[in-house]
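Here chain A shows up in two complexes: once beside chain B, once beside chain C.
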Partner chain A sequence: MRLPHGEVKTPVYMPVGTKGAMKGVTYQEMDDLGCKLLLANTYHLAYKPGGDLLEKVGGLHNFVNWKNNILTDSGGFQMVSMSQLSEVTEEGVTFESPYDRSKMHLRPEDSIHTQNQIGADIIMALDDVVKTATAGLRMQEASERTTRWLDRDIAAHKRKHDQNLFPIVQGGVDSKLREQSLNDLIQREANGYAIGGLAGGEDKADFWKTVVQCTTKLPKNKPRYLMGVGYPVDIVVCSCLGVDMFDCVFSTRTARFGTAFTEHGFLKLKNNEIANVFEPIQKGCQCQACKNYTQSYLHYLIAKEEVACHLISIHNLNYLIQLMLNLHQSIIDGKLTGFVNGFLKNWYQREGKIPQWVIEALEYARLPIEQL
Partner chain B sequence: MKKSPLFIYTTRMGSYYHLTPFNQQTLNLDTCLLSAGDFLHMENTLKLLQSETNISFRQYINQENKILYMTSIDSYKMKCVEGSSNKDGVKIAQLEGIKPMTNQQYIELAKTINPEMLVSLTEKLEIQAGQKSTKRSSAKSAKFLKESLDQLKDTQISIYGAIQGGLDTVSKIIAAEEQKFAIDYPNFKGFTLFGFNQGSTWQEKEDALSVVQSVFDGYNVQYILAGYGDILSILWGLSWGIEGFEIEEPFRFAQDLKVLLPPKFDAKDSELEQFSDDKINFYELEGKKINYLNFPINSDVKENVPLNPECQCFSCQNHTKLYISHLVECKEMNAQVLLTIHNTYQYQKLQQKLQEMQNKKQLNQWIRWYLQFL
Partner chain C sequence: MRLPHGEVKTPVYMPVGTKGAMKGVTYQEMDDLGCKLLLANTYHLAYKPGGDLLEKVGGLHNFVNWKNNILTDSGGFQMVSMSQLSEVTEEGVTFESPYDRSKMHLRPEDSIHTQNQIGADIIMALDDVVKTATAGLRMQEASERTTRWLDRDIAAHKRKHDQNLFPIVQGGVDSKLREQSLNDLIQREANGYAIGGLAGGEDKADFWKTVVQCTTKLPKNKPRYLMGVGYPVDIVVCSCLGVDMFDCVFSTRTARFGTAFTEHGFLKLKNNEIANVFEPIQKGCQCQACKNYTQSYLHYLIAKEEVACHLISIHNLNYLIQLMLNLHQSIIDGKLTGFVNGFLKNWYQREGKIPQWVIEALEYARLPIEQL
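On to the complex of A and B.
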């Protein structure tokens, strides 16, 4: 992808810096990891420091001193997940601010206006967000309303020359609603498309089939962004199914609880058996944590000093960034099958078995998978 | 001691407050205070590290090429060492709570850590401790010092005694006299002075220091000041011949969301000439305060400037007051990261200036010049 603040190799994992900061990790460290695109959250930034102030200082890039690309989401998901939701009408969403309990009203025009002020390279259309498991009329209503709001988002968008507006495909796991949403969105030409409404606890079979339905239909020459997905297995599989962009807070959130990503799965550094493991989290990893410390030291440090959490966050971010870069390279080199098989073999080594949904999904993608 | 003044930065288990190796790069931190209580629960792990790996302790904590200073009392823990009726040890704060530790355990830990500088084990007296308790503690500290000197004589570790006794001059003299024997030991280097708390007057501090120094007058003894390492104490202490300072202040300030904004350090020779070269007197420090900024501040566009436009630290070169204030308001820990970097940088600049002034034999003149702005 060529974006206003530089080129981004895909598939790409986008770290989440919700309020204009990655917890414990400076933007300079993010740059050092090779991160070219990260997320910020309109919902939170609209409250603090506010869209007007960000506009005055020249946008979020200037405010946080980040020279690479930024994607902002619309705030729709946070409204549903964080606020006392009062009402969704055709006009917009009325909700109670979790900061000061004041009543707030967000229309598509407001979300786009704030995102214009923030100045991200990719911005998201405001969507009518419902839980993935929602079925029936409410899901249909949300899906159809998202399309109508998209038209308002497009009309309100004042920076078409340097900010790419991505619509969000909805419909939950209902294939008919998804199809309708896809048809509607593709008619409104965009520079990229997001797949929303998944990663909400749905059955994995429904998950991957819905992803396929979307990636099959969406334009091949436009990036596809699967929102809220960031488990290593999920992003490898979905990359093979045609997804280009991913985001998830899991990598840093779990790091703050002492869990690190490794090629063999999750490593809980707080466990007692780690106390005497004098190896890095992941051999060969070039992150600060692995180059300078052992699992043993981090195990003890977690209890004493927050820098341990910073280090594990850096490791997890590096793991995902490198995973995607390696996957990208394997595609270039024509070695994707070998790469994916190697990844799965390591990841599921302890369990001894690759889950059926993974095999089925990759079979669909015509990647022959060797069972363990 | 390698250079004076020596700033000994506190750590938690060898890691600086909020500083990853990447963020340390611009700071050139070359010292590391290690608190015994941080390692006592790791006895088994450290034994395995030694016996079953090629990883040195310094590599383990990622502090190679640093001056390691090991002590039992750490200013960031409120009550890390307590007295004990056991004459062979004290009670020390560990991960699992306050537990007994013998001097023998302390010495064995020192052998494992192998620091350049070791403060011998000591008891921290209760504030209202009576004379009997004070004498008993002094005797214990002296005993611990002798045992350290004897058992570590074949190592490269420089041993420092611990002078307790608060600011009571009698207690201080007792403590100093009890440990005077150490002068005859080749691995003895000096004393770490405890009890010079911020709440006391400068006159009390001056009196307490004077009596200790009078006991060792004529001997080549180094002094290290334990505590937070606030700037005024450093200026005063250096003027009075203290060469090393435990430093916690830049981290404490950052934790409290405060930015150190000391005055400029550079003075012309002509500006210094008017000042006396004598030691700083206590009354010259009274009423003096270091300037700092409290976060958060008003979210005004005019605050979209560095903390200090002339500061070359990473935080001032890359971020603004407005952004840091935003981080504080959002309770994002990156605020503490950036403030730690700035505050520590200020200390390093101060250290460089003090070294320069010592070399030029203009130290006290410079301190007097500097105190004008506080």
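On to the complex of A and C.
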């Protein structure tokens, strides 16, 4: 995928730097980890430091001194995460600030204007986001309104030459609404598409089938971005189903709670038995935490020193970035089936069983998986 | 100063990694900053992970993967900082844990045993520490008990070949008690000495005169360590009075509150006018924060993202480490007077006046200072 700030190998995991900073990790460190595309959040940036200041300094890349690519969301996700403080009408969404109760109006035109000021390489359409479990008329309204807002987004977009606008497919897990949304969106101009409204607690069978419905219909020559998905198994499976881009705060959030990613699944560094494990989180891992420290030391630091969150966050981000690069390489080498089988075998070794939905999804993708 | 883990240029500022980790800064970063000597805290390490575990992994250097030197305090300081939870007798001190109310007995023999297990390059005698403002019989008792405990410390010390034990001069700001303590201590074997019981809110005239009393009496060919002093002006002045080593949590604590050290004094990055300052904290500074970010960006991050504390901590530590290296070089070059005058001129430029105690102390040290 070629973007204004350099090429990005896909499939790609995008770390989330919500407020113009990663949680506990500097941008230099993100660059050292090989990250080429970071996510930032329009709602938070619009609130502070504000679009005008960012425009004045030549955009977010300059402000945060990040030379690689940035994707900004539209602010739409906050309609769900801050639903108690927001009100949606056909015109747009109004947020009440959790800090000082002031109001922020976010119409499609406002979201695009702010994203033009921020200057990200990929910007997202403002969609009407509802919880995945929402059913009936409200879901239909949200899905159709997303299309109407997309037309306003496209009309408002002032930097089509250097910022790629991605529409977002909605419709929840209702296949008819999804189909309608897909049909509407692929008729509009776009350099890539996002699949929204998943990773909201839906059944895993509904999840993967909806992903397939979208990747089948969306143009194969344009990037497809599955929003909010960051669990390693989900990323691997959905990459096989045709998804190119992922994002999620899970890797850094779980690090702050002391959980590290390993090839054999999650490692809870808080557990008492870890006090006597004088090995790195994962042997052979080249991250700062694994090259320098034992599990015992990290166990001792957790809940005492923020350095622990920092080190485990770096490990988890490195894990996902390397996982994607290895996945990418296995596709280039024509060895995807072997790679995915090896990954799943390791990941589910302790549980002794690969979940049925994973096997079914990969069967659909013509990747035969051996049960353990 | 030659220590088992490498040479240290003096005067030196020792950053404080209380619990086996710096607040918000990794050991790799400390090494990158040129730090050659770090402080760690026996009371906290004895509590967790415990001396036995540290001995098992070959000491704190191995546990935290730090190849340069370490100094451990004796646990004595906690008699003051945790005075509500401690009880001192001739035998030793008993702490009640703030976590689970369990008791920890710390006799001189216990402190030295744990410090032998930790394996620091410099270990401190357990002293009977009282608040600087304490007067009369209790101060006298504390001062004399410190000497009695020192004899027990020396007798208990099992690693005289590779760990340097420093006695601690007590006596508050009472010159007779100080003199007695000095006379007692210099008769005992030691590779260096510490000046304790200052930086406790005493008058600045009492402070510098007590420092002079100690540095005059203590052997010139052995390092003299002024405990708990880390304010840049105090470090510069006391270096001129003959002090070789300093430590203080001030640089990192004040960073966490958003205050940065600059050659013109302190910079409060929280102030609203900083939002529009698109310059580094200090021009020409080679730290990670100054090379990459503006004051505006750091202002925006403060109180939102721990990355801000991390970056400002690195800046402040870099500031002090560089200040000491420059001070060291000016002594080598025979240009100390010019260096100190330049430093004070910059530091007090905004206030327009150098404090009287600074001028008097430096006059005593035969370093003529020009008032602004």
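Points to keep in mind about this one:
Just so we're on the same page, the second predicted complex is superposed on the first by the 368 of 372 C-alpha atoms of A that agree within 3 Å, B and C clash if a C-alpha of one lies under 4 Å from a C-alpha of the other, contacts with A are read in each partner's own complex, and residues count from 1 in each chain.
Convention: a contact is a pair of C-beta atoms (placed from the backbone, for glycine too) under 8 Å apart; a residue touches a chain by one contact, two chains touch by 3 or more.
For clarity, every value in this text was computed on a predicted model and none was experimentally measured.
On the superposed chain A, the positions of chain B and chain C overlap enough to count as a clash.
In the superposed model, A:240 makes contact with neither chain B nor chain C. Legend: residue contacts after superposition of the two complexes on their common chain; A:88 is shown touching neither chain B nor chain C.
Using the contact criterion defined above for the overlaid structures, shared-chain residue A:293 touches chain B and also reaches chain C. Once chain A of one complex is fitted onto chain A of the other, the partner contacts of A:198 are absent, as it touches neither chain B nor chain C.
By the touch criterion defined above, A:32 reaches chain B but does not reach chain C.
When both complexes are overlaid on chain A, the residue A:168 reaches neither chain B nor chain C. On chain A, the surface patch touched by chain B in one complex and by chain C in the other comprises residues 19-26, 28, 48-49, 53, 57, 63-65, 275-276, 278, 288, 292-294, 296-297, 300-301, 304-308, 310-311. Chain A contributes residues 19-26, 28-29, 32, 44, 48-50, 53, 56-57, 63-65, 275-276, 278, 288, 291-294, 296-297, 300-301, 303-308, 310-311, 314 to its touches with chain B in the complex. By the touch criterion stated above, chain C contacts chain A in their complex at residues 19-28, 48-49, 53, 57, 63-65, 275-276, 278, 288, 292-294, 296-297, 300-301, 304-311.
Chain B makes touch with chain A in their complex at residues 11-13, 15-23, 38, 42, 44-45, 48-49, 52-53, 55, 60-62, 95, 299, 301, 304, 314, 318-320, 322-323, 326-327, 329-330, 332-334, 337-338.
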